[in-house]
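The chains carry the letters A, B, C and D, assigned in the order they are written, with residues numbered from 1 in each.
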Amino acid sequence: MKKLMNAADAFVDEMLDGLVAAHPTLVREARVVRAAHAPKPGKVGIVSGGGSGHLPLFTGYVGPGLLDACAIGDVFAGPSVDSCIQAIKAGDGGRGVLRLYGNYGGDRMNFDLAGEMVEMNGIRTTTVLGTDDIASATPDEAAKRRGVAGIIYAYKIAGAKADAGADLTEVTATAQAAVDACRTIGVALSPCQIPGAAKPTFEIGADEIEMGMGIHGEPGIWRDKLRSADDVADEMVRRLLADPITDKSERVSVLVNSLGATPLEELFIVYRRVAALLRKDGRTIVRPLVGHYVTSMEMAGLSISIIHLDAERERLLAAPCACPFWRV
Amino acid sequence: MAITADTLRHAATRARDAAALAQDDLNAADGRLGDGDTGVMLRRLFEAVATAIPAHENDLGIVFQACARACASGTGSSLGTLVTVAMMTLAKATRGRSEIGWDELGGLLASIRDQMMARGGAKLGDKTVVDMIDAVASALAHCATRDEATVAAQKAAQDALDAFRARPNKLGRARMFGERTIGLDDPGMLAFSRLLAAVAA
Amino acid sequence: MKKLMNAADAFVDEMLDGLVAAHPTLVREARVVRAAHAPKPGKVGIVSGGGSGHLPLFTGYVGPGLLDACAIGDVFAGPSVDSCIQAIKAGDGGRGVLRLYGNYGGDRMNFDLAGEMVEMNGIRTTTVLGTDDIASATPDEAAKRRGVAGIIYAYKIAGAKADAGADLTEVTATAQAAVDACRTIGVALSPCQIPGAAKPTFEIGADEIEMGMGIHGEPGIWRDKLRSADDVADEMVRRLLADPITDKSERVSVLVNSLGATPLEELFIVYRRVAALLRKDGRTIVRPLVGHYVTSMEMAGLSISIIHLDAERERLLAAPCACPFWRV
Amino acid sequence: MAITADTLRHAATRARDAAALAQDDLNAADGRLGDGDTGVMLRRLFEAVATAIPAHENDLGIVFQACARACASGTGSSLGTLVTVAMMTLAKATRGRSEIGWDELGGLLASIRDQMMARGGAKLGDKTVVDMIDAVASALAHCATRDEATVAAQKAAQDALDAFRARPNKLGRARMFGERTIGLDDPGMLAFSRLLAAVAA
């Protein structure tokens, strides 16, 4: 796998340098990216973080109405405890900080440790974990599910809630409700490679796809010959709709997300089918997203996320926000 | 002879060298059921620890605190954070002391085990580094000398590795590979046993 | 090369269906996509078009402050004469239409034919051709150069000019000046495949790159072993700055564009270097763009475009615009 | 016997079948120096033409106009558009006539050549379909019967193909391959010669 890069050890830092050079609304401090406006006094802070290699996630979603700061690790490795601490401090405007990130063991330990440490500085924190990937555990073990693309809905909704002046408890509850209302499933066609690694993250035949594979190549539900876009979309939507959700609603938003190499053309072919299926299921799509939102570098494949919207979530989704990769 | 800051400095150098040597094996082990980065993470981590350890400090708590700081800023991997937890636990337990006895080691390891379980949510039997630490802690419970401890710890580690190989991983990334993890060494356990062998030698 | 698609013959139409389903600001009529607001009475229309397979180009740039309508062909094949006619009519608000598209033989013939035909309907048209690819011909044959990613600057600048109420002559002159001030060069790492084709558009070794390759796999300047991102960026920027331009300026905008599979991480690593080089060259970067703007489906590689900005172009670049993939 | 609407209907069917047969060869020829789509484009184009041609119309101009319309909506490729141009040229030249003589064919082809050059900007010698049309137009200049025309046109086409093979392409996508196009047939010329052979047979 060819990459346009320099030394592998410099990959993340050079990437971050370029990101903030191109986007002056972002400020970099070591392995933390914060919004130029952060911390915003009187606003609940929202902080996220995770491994590199998923742009626009995580650092790309820093901005008004979204995240205040992000801790970022090496490619596919969590941020260090220090970075987590630093990000929480950068996001703290005096009303506490929500830690909103994906459910991965390492990240959880680090953000938890960091949370305890900043408490000594008098910063109140709460946690909401992205757990949208239905392929990563069964519904009765839903708390074990990993967080994937759907987390950006939680960013947007919690971000708007915080912007509206809600307190930490309210922002946390809103974020948790957004996670609870959102489900994602992915399909992978080809792997990616960690800079400096000797080989790709997984192997897959030239004519195979894997349903439910995770964004780091975690094993999925089945692997088989490539099928038509409609067949693949049908199964993904069926699985998403079948997964139990307490608060299903007629109005949903949908994210059809490229894992990297899969082009917009294919995303739109799939979106067309997803839209038809949801219509047939009696649902109305609000503010769909189609594009590169949460990737795994050059991995080919896509994910579909569906979030059920109550009136408040729909309003928060429509509230203004601005980051380099998503603007309302 | 008790464990002093010099013992730690010596151990840190050995650990750094052992981690560098073990890098490829650990990456390969992790590559079979995780993301293949245990080795490179551990090498970087122990490079940072060896560099961070203060040269003329006798307070074990302060020495461990320096190690913990290096870990906290140097890595975000699961195992790396567990090492951080271990260092913090040791720092708290040895604050103000310039030596500890070999007979205390088992108890210290037991608190590390407990802290790791509290932090990481692993249960005994999940086939993680925690299971090995648990085994080594028990084995050290009745050792009073360095020689006894060395033999007992290494035997316990090897036994744990052998015993768990036939069982499935039940935690984290590896959990998702389910039955396919049977027959494979857990990379965290493998890492611990390699470091132990190096430090004990 | 695996694709999530259905029948190859349906690729373009299904893609267009999905595009307009996801973006209700776009309206599809056969192989034409027009802005919901088009035609806008009293505004000079701006119409583009070309082959499919380059999303967001062409159809993705339809919207206020950009294009009024687009004619779109099969993958990598020009739009039909009829589609060109239809697009021009859809864009005509009574003050004439600028045909602004890339310099490819087939497209030119079709848009020219179409232009003559709509003239019979009393629609005045002019033409500006994107000719930014410096690798496709030497400076003394600059008129033979093909149009690549840089054309989106011409869309933006001409679109803002038309929005400001300028007449057809002025909009045309502004678009031409934007093209004249812009240069692009690309580098390719791996090919793409036309849906239904038996093999990829070109072959390239697992450790090779090709400097100057075109967006359909047209041969470039050299092919060699992969080099570091900095080395590649250095050569690209050097070539771009060395190319003669009448109106060079201290202020420039830069587009670092993925050809498809190359992820944002690598784009930012390259952008970081490009920014440093331009700074060293005494230039100031205004409103840089880094992302997927003009692609060739799953091709890996990237292009760098530099446009020199006089005061008017800088102002027009900053004017509001809104399309699914670019908003100011 | 002169050329009538029936001649055209017959020719359209043959052209459609020939294009289908030649598809792979033409794609391959274009694949060596272009984007490999000449064959699939031509097949689709002549399917559209064969379908669009009116069954009971005698006015040649109206027949050609129908062909031109099918081409204009059916393709956006360079060669496809040149075919559209040819059909439009013929439509204008034969408007209101129900037959044309074989001796007029050379003159019609010459105007097609000129229109194509005006539209596409090719010069004679650039190694495009225009060069072959030029050669065939000259060869037909003195033919008065179908038989003469058939023989002369095919010979001229083959000679042009052979003569240009050794020369480089100087236009469009193929131009960029420069010297590498020497020894290769131009896909547009190859396409024309195949269609000619089919229609003449």
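Quick note on the criterion: contacts are C-beta pairs under 8 Å (C-beta built on N, C-alpha and C of every residue); 3 or more make two chains touch, one makes a residue touch a chain.
Model, not experiment: these values are computed from the prediction.
Here the CA centre of chain A is 55 Å from the CA centre of chain D. Averaged C-alpha coordinates put the centre of chain B at 78 Å from the centre of chain D. A separation of 30 Å divides the Cα centre of chain A from that of chain C. Viewed as a network of touching protein chains, the structure reduces to a simple linear path. Every pair of chains that touch is listed here: A-B, A-C, C-D. Chain A meets chain C in the complex at residues 2-6, 11, 14-19, 21-22, 52-53, 55-56, 60, 187, 189-190, 206-207, 209, 226, 228-230, 232, 256, 260-273, 275, 288, 290-292, 295, 297-298, 300, 302, 325, 327.
Listing the residues of chain A that touch chain B in their complex gives 51, 73-74, 76-83, 105-107, 109-110, 112-113, 136, 144, 194, 196-197, 201, 214, 216-219. By the touch criterion stated above, chain D contacts chain C in their complex at residues 35-37, 41, 71-78, 80-82, 84-85, 119-121, 171-173, 175-177.
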